[in-house]
Amino acid sequence: MKTKFQPDENGYFGEFGGAYIPELLYPNVKEIEDNYIQIIESEEFQKEYRGLLKDYVGRPSPLYYATRLSEKYKAHIYLKREDLVHTGAHKINNTIGQILIAQKLGKTQIIAETGAGQHGVATATVCALMGMDCTVFMGEKDIVRQAPNVARMKMLGAKVVPATSGSKTLKDATNEAIRYWIQNPHTFYLIGSVVGPHPHPDMVARLQAIISEEIKWQMKEKTGKENPDTIIACVGGGSNAAGAFYHYLENEEVELIAVEAAGLGVTSGESAATSQLGEVGIIHGSKTILMQDEYGQIVEPYSISAGLDYPGVGPLHAFLFDSKRAKFMNATDQEALDAAFELTKVEGIIPALETAHAFAVLPKMDLREDQVIVINLSGRGDKDLETYIKHLDA
Amino acid sequence: MKTKFQPDENGYFGEFGGAYIPELLYPNVKEIEDNYIQIIESEEFQKEYRGLLKDYVGRPSPLYYATRLSEKYKAHIYLKREDLVHTGAHKINNTIGQILIAQKLGKTQIIAETGAGQHGVATATVCALMGMDCTVFMGEKDIVRQAPNVARMKMLGAKVVPATSGSKTLKDATNEAIRYWIQNPHTFYLIGSVVGPHPHPDMVARLQAIISEEIKWQMKEKTGKENPDTIIACVGGGSNAAGAFYHYLENEEVELIAVEAAGLGVTSGESAATSQLGEVGIIHGSKTILMQDEYGQIVEPYSISAGLDYPGVGPLHAFLFDSKRAKFMNATDQEALDAAFELTKVEGIIPALETAHAFAVLPKMDLREDQVIVINLSGRGDKDLETYIKHLDA
Amino acid sequence: MNTIAKHLEQKGRNNLSIYFTSGFPELNDTQKVIEELGEAGVDFIEVGLPYSDPLADGPTIQDSSTIALRNGINLDIVFDQLMSIKDSNKTPLVVMGYLNQVLKYGEKRFCEKVVACGIDTVILPDLPMVEYENHYKALFDSYGINNVFLITPNTSEERIRKIDEYTQSFIYMVASSAITGAKGEISDQQIAYFERIKAMNLKSKLIIGFGISNHSTFSKACEYANGAIIGSAFIKNLQNNGIQGIASFVKGIRNA
Amino acid sequence: MNTIAKHLEQKGRNNLSIYFTSGFPELNDTQKVIEELGEAGVDFIEVGLPYSDPLADGPTIQDSSTIALRNGINLDIVFDQLMSIKDSNKTPLVVMGYLNQVLKYGEKRFCEKVVACGIDTVILPDLPMVEYENHYKALFDSYGINNVFLITPNTSEERIRKIDEYTQSFIYMVASSAITGAKGEISDQQIAYFERIKAMNLKSKLIIGFGISNHSTFSKACEYANGAIIGSAFIKNLQNNGIQGIASFVKGIRNA
């Protein structure tokens, strides 16, 4: 039985979602739609997926009680350590699952888009693992600002194709990937977040749900209770938040906080705070909340972080925002940098720039001393060192 | 009761070891010697150490059956995934333990040497975690070739001091660290490998022993038997090998293979294959095997990998070599690069350049089809991307 | 009866349709391009509504859209331009855009404007059939607007029959599984697909698009359908030879 | 009786010892430096055996060692140099090096050479007491060589008493917990340490080293011990003023 936060038969979460795709893609998307749940729920898939998550990806990722951060903010703060999984971010939970699905569907050529490069690396990694052909589309601007990840993809044998249109970032890389997919319908589009046409958002959410599945038993083990009071995650497309929220969605006692990138300030004109600036619209095949001008032209977003630099959010998040199930907050570039420096100094953990946004809302919250918070530490900051050092010296 | 591979009361493994230190360091070393075993074996330490290893470091690290690599080499190859632990290499097993020991000894200022920067990052990390002052000595040449790790240390709040003497690599960084320690005896020298005066080698080996402790039960879980046929690890100072070998040392049925860096070739004059080129001598406070000229001047070693670029080995390893308990092999720069590219392409894992040396001996071995091999994947290659890309394009 | 259908009905075979991007190469070229195309005797024209993220278009059309948007084009201006030639222009028009433009402009407001410009046919490549059935069919019907569906070599027979039912203008037959962009020739595989569709005896007229770029591909397409649409090849010509090059381009397509 | 001890016995107080690096600044300066130092009237001389990794030395001595090694110095050459002045030189000599040099040269061969050069005192800062007791004591005794032990403010009384027992030459009192290198003044803390050691009434003579750099620190040190050793300050002077500067350097130390 479908729950409130699962898509209906047309792929809608409330009014958001669907599959707004050219007819050329219909058979591809239909093939996935017809098979994904059955594959995911099959014993064979679960065995392979769980096996790889454990031995290859390094799951469960720890749930770490951050003593010094907790002292500082006078609350009980746990960090879900997605930074420790193979390739350094939650993205691989999804790519491991999708590559197995692709395999079951007999696909051998994989395409993907990437912003921060983490999804590109995670895709190139599983393609190497499975001996598949891999092409990754990446905005020309992101190729520059996330150079280490470009090097990793190259070394993993992936072809990295620069997206040169629009803002030359994630949105444009996604356009190019979809365009290539239309032209090469035999390829499998291994999408990197809970975005795109149905069933991609649901498929990715189900694969990232392992995060909250673990949080539940880890919280129980540590505190005797499955539920924290609050879960905080950053939102680019929304996949790490979807994963961290998933098994708590129906449980309204658990507060969910989604943090968007405010760039130079929500109203500065240089921002990616979709929920604050967007309106209902269609992007990359789904109806969601979207930053657009009065004529529906998609606005070029801005964030210091290549993984949050996206003018939309996944349809589930649009619904979480619209239905007020999740609280949407945001953090500027500077707030994210400060939060990254703080986490590094007090806990010895260098977060990804994306992830840093989730930590940046702590000073803005009214915390209770007994409040139990889980922050999804979605990725590590190795890829962002150049940016950090630039601002550290400044 | 002391076993064959534990140091005697003067810190000797066979004829190797001891504490060849200036009188100025005697009280410091004595303080550690008098306390380390008692601290390590205390319930309090074990609780904190194991707790941090689990929740902070991300242990146990997986033991991953590498299907494609196994197919390729016609043997059963398991990878011990130290690349997945926090900060990206086995080094943190040791720094977490030593920082707790330092704490119990009332120390607040930490110094360390580093070659590849992994130990420097791991030290800076635990110092941030414990709120301690951190100074890391690093060869000027290594500061250049391991730039990402220098950035990480800076961000973690550590002071990185360049060592400008000698070959400007690990050996010289260690000299500088010891020199500073002599001048500042209140500091705690958090050494990064199983080298240095007794009890440092034994202390570090005990802290790295967690690796083989896990391999034992993981092998049992996976194959029904605790013992692989063969364990392979690269050797710089020898800490990751010591950790991977530790619980198997007494069990002569398990073949142990230590892989040294042969640089441009063992006999090329540009090498770091200590066991092949060295003779008994004293370096950094212990008697061991050492690359030296006919007057006992220490030879400047060479390897493409900053973590193996060391003219000695730890005294335990000298004894393993001398007693033939371990087989010493080696790999050139090019062989290591090739092995790194191969592992990346077939398993989607980019190893550290140091680690790549361990994989480089596979083609040189006579493998049986039923041979069960564990390779210690000591660290990830993010820090080495620039070198890899340079050679990938070449 | 639908304007385009009527024209196709009258003319029968060898219909030539040209796609162009409004506001390109210059903001106010829209009317001139339509006029020239009309004079050159094309059968109907697809007026592209420039979009920031035209997923279903190839690089040529995408680039022309970017330029048009930079020129300042927007839906209000396009509709004003079309309005201004409503009486003078005799060539049937179709508007082609993306669904988000319609959504944001206001679905009804969009339909009113289309109709006011004397247009009754739209192509929205990212409007999927299920959304059409659930929502847009009723809306469009109430304005007398017909939606053009695309079919591809991979569209199932069942789905094609349904599309045939919904179609009052024409079915846009995608020549191959590729987004718009000039190719060279028409392959045996494509011909097999054309023949398969032809043999289905659909009630709707068929227009072939995607990869039609010259006289040879146009003529070949016309053997299997009521005509063909040229987009990227025309945009490229417009870019290189300007509005004065339109007549000879169209002539070149019609006669070798 | 040990040569140095005999000299200290005779002279009693205000002994000045100079450390220098053999083969520095030029390969064949070893003999000249010793000669100049002798003429300047120093009490005894420590001949540094340049080592690649001189852990217990500060940057000045380390740099001088690097230069000497680059000059081509090695143990064979040093011993030849010392041999060549065996008869002419009247100033007692001590050799100071690192244990690995001894090991590699051959322990016995090393001892033979030292003795052949008329030297009976060695300083090996990285030779720990336990190794001395277990092995080197017997070896050195068999050659009539005495090993100089260092003590620091942190050396326990028990340990100092043992060292006193082993000592036939002198005890090297490290002025502070710091490696060699010119400091400025002698602190109250250091003086407290000197007085503590003095009060122990050791049988051995005491020489203070590390941080002695000028007349003032030398004189102060001589209040609490039989003399003092100057190393880095001398090397710096040698580097800056050459061999001809030695006499005035020594004079400056003796008289303000």
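First chain written, first letter: the chains are A, B, C and D, and each begins at residue 1.
Rule of thumb we're sticking to: a contact is a pair of C-beta atoms (placed from the backbone, for glycine too) under 8 Å apart; a residue touches a chain by one contact, two chains touch by 3 or more.
As the structure is a computational prediction, the values presented were derived from the model and not from experiment.
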Whole-Å distance, C-alpha centre of chain C to that of chain D, is 96
How big is the gap, in whole Å, between where the Cα atoms of chain B centre and where those of chain C centre?
67
Just the number, please: Cα centre separation of chain A and chain C in whole Å.
37
In chain B, which residues are in touch with two or more of the other chains?
none
Touching two or more other chains - residue numbers and ranges from chain D:
none
Work through the pairs of chains, note which ones touch, and then classify the graph as line, ring, star, complete or other.
line
Please give all chain pairs that are in touch with each other.
A-B, A-C, B-D
Applying the document's contact rule, which stretches of chain B touch chain D when the two form their complex?
10, 18-24, 26-27, 165-166, 171, 175, 178-179, 182-185, 279-285, 290, 292, 294-298
Which residues, counting only chain C, touch chain A once they are in their complex?
51-53, 55-56, 58, 62, 66, 69, 74-76, 98-105, 125-131, 134, 149-152, 154-156, 159, 174, 177-179
Interfacial residue positions of chain A with respect to chain B in the complex
54-56, 58, 61-65, 68, 81, 83-86, 88, 124-129, 131, 148, 151-152, 154-157, 341, 344-350, 382, 385-386, 388-389, 392
